[in-house]
Amino acid sequence: MLQLYKPEDYKRVLETALLAAPEPLSLADLKKLFDEDFDDDTWRTLLDDLKRDWADRGVELVQLASGWRFQTRPEYQVFLDRLKNERPPRYSRAVMETLAIIAYRQPVTRGDIEEIRGVAVSPNVLKTLEGRGWIDIVGHRDAPGRPALYATTRKFLDDLGLRSLAELPPLAEIERMIDAHANEAPEIPATPDIADDAATPPAQGDAIPAAAEDGLFGPAG
Amino acid sequence: MTETLKVGAGDTAPAETHVPKLYGEPLPELPRDLYIPPDALEVFLDAFEGPLDLLLYLIRKANVNILDIPMAPLTAQYLEYVEAMRRSNLELAADYLLMAAMLLEIKSRMLLPRPAKTEEGEAEDPRAELVRRLMEYERIKLAAARLDALPQVHRDYEWATVWVAEKVAERAPEVSLHDLQAVWLALMRKARVKQHHRVQREELSVRETMGVVLRHLQGRGYVMFEDLFAATAAQAGMAGMIVSFLAILELARESLIEITQSEALAPIYVKCRDVATLQA
Amino acid sequence: MLQLYKPEDYKRVLETALLAAPEPLSLADLKKLFDEDFDDDTWRTLLDDLKRDWADRGVELVQLASGWRFQTRPEYQVFLDRLKNERPPRYSRAVMETLAIIAYRQPVTRGDIEEIRGVAVSPNVLKTLEGRGWIDIVGHRDAPGRPALYATTRKFLDDLGLRSLAELPPLAEIERMIDAHANEAPEIPATPDIADDAATPPAQGDAIPAAAEDGLFGPAG
């Protein structure tokens, strides 16, 4: 049998028991581990020490009402979620279309969105996207009612793994795809320059909303 | 090769003495280690997994060569064991009786002269099948013991199971670039279908497109050059894009718009010259 | 979201995921953790490194048939047993021999098992092994009655700490031992361990009573 001499040895048994236990272990449980009968101060020292050992890890030792247990830190949840096979919830069609319109046509007003979608846009849709931190208001159009102009945020780029809006699937390319599908017959040869121009997204795409925010390119007035 | 099984030296003589006869055949030697108190017989029986296990025990205990089993004493010992069970009114497993019949059959065949050698070599030993089965069983018996010795989860070790501290916040929907593109593609396709007849009816003219461009620029300040194309191309495809280009050139020539570019290859921005006068 | 920069950061996520996973994680699972696509060498280095980090602990990182997993070292079981209310039962010889036949001779029918063991196989023996998830039916032999063919599962390998069937204690070695013993002159005492192994009746506690186990025939007459 494994012999325990130093405090380290006891701590190792403690750690092993806590890592293997499916339920929190009370101090009474933990005391069953060893023949020796430590006083509560010693136990406290052992457990505090162990807690400190795990201070910089993805797992931490916590004390709950029913005892001690190791548990994952919340910051690591996002990684653990990736291992789950369950499908993540999805946004409604209205939310996705609105997001796509804002992403590709920003800055746009609610009216613009409604015009493209052909239906009224519920305030909830915009609230959902604002709540997620993916869109925000970058200004107001100089038009009757001064409607708010929406654009996508840096968080939207981060969450979709984009460095800039320039990395969105290019518009011109998408439209060429539509053309290829829609009017298969009359192939109009495009002048290379124009096609290239249209296909090349702006170099600092994400600079546009920012610029509008700064008032540089904001509504003329 | 002696036909008697060696018996452990430490064995004490049984208290009971009678002439051992099995099915009328006298035994050459008493199989001493088989004299078991009747109440211990059941325990003894439980210790074996079947006739093969019992036979292996008898063979290993006597320390004889498994490839040259002395059939007479082995059969005698086995039958004595079966007889003891019968005397104790223990129920006998069919498997034990089947093995008894097999042993007796082999033993009787051993007494017959061996048939002539076949072309391949020696004639088949009547014990061959029994030996094959005993060796296969012994292999499995050892393998089972080895398997049992392997560390087994929950018996010899545990899985580490750290509690996953799930956040209470509900999981936000995930959106991929692909989703976004697919939605946009569908929107554009829908828009095209809607506008198809209009585009066919109306002739694309440069002047009309100039109005579209101006309207597009209205109240927007600087607009990306590309966005102007995107706006018109969505309506009339490649032909529309060419018309838009001409319209923009014409607007610039008429000083209605301002086209700026900070440096070569930098984005080109377009802006209305006089927003106020163009406001509807 | 937690940003990962150094190999240490990745290792910490890996460690957290492996400690929290209820099942072994395959390399394919682990690859889901990160956006980055490491090559197999990098993965091997990360995992080997992590394994080394745990070299002196009561818990170790092991590679099993279905992936990687943290498990306690057997030396610590004596302590962990003190926290348990009941010890898991040891399997009877009937169960272990049946398991050995299935493991080494798979796929086999119940008839094959009975032929090798020389006794009838109780349905309870197979049910015990199926209940543990160690064996399952993988097909049927094309013979009268179409008997079920049994084979061992991935869980069997996982639970015994094996990566593949090739890691089973080799039968060939056992055969050599038997042969070595068999070829000796009968007067010479056998290799002690073999003689002991084979000739020692099992401890009573291990054996399920034959009557209950294998079904008895009527009294011999």
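Note that the chains take the letters A, B and C in the order they are written out, and that residue 1 is the start of every chain.
FYI, contacts are C-beta pairs under 8 Å (C-beta built on N, C-alpha and C of every residue); 3 or more make two chains touch, one makes a residue touch a chain.
Not measured: the values here are computed from a predicted model.
Farthest from chain B, judged by the mean position of CA atoms in each chain, is A. Put simply, the chain nearest the middle, going by average C-alpha positions, is B. The distance from the centre of chain A to the centre of chain C, with each centre set as the mean of the Cα atoms, comes to 41 Å. For the pair chain B and chain C, the distance between mean C-alpha positions equals 13 Å.
Per-chain CA centroids place chain A at a distance of 34 Å from chain B.
Counting only residues that touch two or more partner chains, chain B has 158-164.
In chain C, 16, 19-20, 59, 70, 72-73, 76, 80 are the positions where the chain touches two or more neighbouring chains simultaneously. Per the touch definition, chain C reaches chain B in the complex via residues 16, 18-20, 22, 59, 69-74, 76-77, 80, 87-88, 90-91, 93-94, 96-97, 99-101, 103-104, 116-120, 158-162, 168-169, 171, 174-175, 177-178, 181-186, 189-190, 195, 197-199, 201-202, 204, 207-211, 214-220. Those residues of chain B that touch chain C in the shared complex are 1, 43-53, 56-57, 60-61, 63-68, 82, 85-86, 89-95, 97, 99, 133, 135-148, 150-164. Here chain B touches chain A in the complex through residues 158-167, 170-177, 179-181, 183-185, 187-192, 194, 218-222, 224-227, 229-230, 233-234, 237-239, 241-242, 245, 265-267, 269, 271-272, 275, going by the rule given at the top.
Those residues of chain C that touch chain A in the shared complex are 1-2, 12-13, 15-17, 19-21, 25, 29, 32-35, 57-59, 70, 72-73, 75-76, 78-80, 82-83.
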